[in-house]
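As written, the chains take the letters A, B, C and D, and residue 1 is the first residue of each chain.
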């Protein structure tokens, strides 16, 4: 076990935390936090695994830079949508009833 | 029902975590060694810093699409209909201290952005970091009440937002007369990358600041 | 020789960006010109592939694994043709739709341009990380288009869609990270032989993560929860684009990964499992479509059901004799194209009916048969493909799938397909029956411009004629 | 090595806290802390470019956006229940 592998394992755990939060948290702001934690976890796995021999690898590093920019783009769009929802419904969570439509006994 | 769902999700993701950890610890050495290839071709890439070489040359196409993703996110935010009520900008309490600080820091931040951009050719840095510094200056100016939030960007601002992507596409497409998409001719790579990065820095700064300023505009009045 | 590959990606990127600079509500003409050009490019590429076989294009001249490769073969050419062929009539339709509606369309055109750029780039990519970037571009553009209408319904649908698509691309990207960790490359061409030679556990996990993420994006049952609200709440031109094309993009990737990259580790059990989910989608989606009271929600649930058929490819083609596998594969690809054309037509027709009657309940359709005969005829033709009646493209597709099921002795998929066919007939007729009722006294029909009716009709006609052109399409599909 | 283990533990702790703390403002502040710790982790992984980007974008800009959203949320709540 070396340092990059420690970070790869940490990344795996962060991915799991993020996915769990994304699925279980109801508040949209928390879902957005969870998405970012999930993303950070993936980035750590990508670079940590690639550098497990201890040699820096610029290719996954460049990919993570791309990933960070994509993550901020998604975060900003998600926040804009969450705010619209807040302004319209007074809540920053998704309405339950829509999921409830998916039942046969309508 | 809810508790059952929680338990199901937790046990599923927990199992996923265990399998993930186990498979990470059980890896053979990789067959392809890209770091060596990057080092071998670094002289041909036009820059001396490997990460910049990957971002703007070897995998420059990824970066081209990524700029589109960023512009697209801002576009998605601008496309949302404005609320009829509450779109009035918040009266910003102008703190003279903060304003003076912002006036002093902004030129400095622009200088720093320029340095970070230039440095990216041979050490850590580049268009993204430089753009983030510019965006930081924009956010600071807004907080100090010196820069209004964006309700609807005008044509000049839209052109500025799109410049980075358009210059990138123009360079990539022009190069096709000589070779393939984004294939820099020998000797020209360094200069062309600098042109692309400079325009990207401008647009990235505007877009990243825009992500903040567009949201700041949709603030309701207290 | 002129190479259309890079231009298929650059064209929509350029016109989308220019449309953005032009400003809110602008860019319609630019879009029509751009998509028409892309259709010509896609046709050129298809001809080149039939004549000269599959092609690889090294972006930047480096070549994989250091650089990014684009690749075009029969399947990508078919998907590219489908995309532009659906987008062009829809562009005309959207111009008429937004002209007839007072609703602001703000940045509809640039969003559509980036959506098409993402689709074209995705179909041409031969690099798993590059595919991730195209997936994000596609997802954000689609979410932006759903939200463009505003209002509580569309915005919460867009939010749900955004979260689902981000979770999906997250799972996909973790799979990419594991693949790079194991083999040190993200190029499809470099990875395939390495996976065939030796695949440790991490690779199976990567495969599972990537496929799960893409299944979520394809809205395969039981991951379909986000689709009906998103496709049902978006403006009609957007619903048509999303239902016809966007979910096909992630499905295309599942095909690529399953049959090219992960073929050495693909198991019959996993294939049966995918087929079972597909069967669940066919039955559940059709039942729910039948229960809907709103026209666009019915069409959206029909998409959930039709996606199910696509996943029958996996049990029918995995571990089967070469001939059976080929027939299943062709049937699946044909189903993707037929459904794309028919569903675009159906959503466009539904949008026209809603625009004319001013109501989106099915109950409000009485009188449509006499007032909007062309649009109703469009709905019928598209319905024929959805039901799988001859001579439609949907019939040829389902016929090939049935043949594969018979030949491989997997009779249970036949039962599913027949039940799905009957249920889809029931929900199509539910709409038709209402449309043929006499109009209510108080009903007021808004006159529609022709451009709101003809594009949908042409799409429906194409879905029908696809049955007759099937051999040409399969010929292109088989070009390697 | 010990530093790396400690940093990993801090990362995990701040992530869990950011996702579970009842108070949203605290959660966002903890998320910014998490972002700064990530920047440190990138530096340890010989990735200074990512460290810079993470600090500026991951912690900085995301943090600003999220704090702004929390402010907006509180303001809305105050309006509803004066």
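FYI, a residue touches a chain if its C-beta (ideal position, glycine included) is under 8 Å from a C-beta of that chain, and two chains touch if they have at least 3 such contacts.
On a predicted model such as this, the values are computed, not experimentally measured, just so you know.
Taking each chain's centre as the mean of its CA atoms, C is the chain most distant from chain D.
Separation between the centroids of chain C and chain D, computed from CA atoms only, is 37 Å.
Centre-to-centre separation between chain A and chain B, using Cα means, comes to 18 Å. One inter-chain figure worth recording: chain A and chain C are separated by 26 Å, centre to centre, where each centre is the mean of the chain's CA atoms. Computed from the mean C-alpha positions, the centre of chain B lies at a distance of 19 Å from the centre of chain D. Multi-chain contact residues of chain B (touching two or more other chains): 20, 24, 27, 30, 34, 38, 51, 58-59, 62, 66, 69, 72-73, 76, 80, 128, 208, 211, 215, 218, 220. Contact of a single residue of chain A with at least two other chains is seen at positions 8-9, 13, 15, 18-19, 23, 45, 49-50, 52, 56, 59, 61, 63, 65-66, 69-70, 72-74, 76-77, 79, 81-84, 87.
Of all residues in chain C, those that touch two or more other chains are 129, 133, 136, 140, 143-144, 147, 150-151, 155, 178, 181-182, 184. The complete set of chain-chain contacts reads A-B, A-C, A-D, B-C, B-D.
Listing the residues of chain A that touch chain D in their complex gives 2-4, 6-7, 9-10, 13-14, 17-18, 21, 25, 27, 29-30, 32-34, 36-37, 40, 43-44, 47-48, 51, 56, 61, 64-65, 68-69, 71-72, 75-76, 79, 82-83, 86-87, 90, 92. Interface residues of chain B, counted against chain D in their complex, comprise 51, 116, 124-126, 128-129, 132-133, 135-136, 139, 208, 211-212, 215-216, 218-220, 222. By the touch criterion given at the top, residues 8, 15, 18-19, 22-23, 28, 31, 35, 38-39, 41-42, 45-46, 49-50, 52, 59-60, 63, 66-67, 70, 73-74, 77-78, 81-82, 84-85, 88-89, 94-95, 98-99, 101-102, 104, 106 of chain A touch chain C in their complex. Touching chain B in their complex are the following residues of chain D: 48-49, 51-53, 56-57, 60-61, 64-65, 68-69, 72, 75-76, 78-79. Against chain A, in their complex, chain B makes its touches with residues 5-6, 9-10, 13-14, 16-17, 20-21, 24-25, 27, 29-30, 34-35, 38, 50-51, 53-55, 58-59, 62-63, 66, 69-70, 72-74, 76-77, 80, 83, 86, 128, 208, 211, 214-215, 218, 220.
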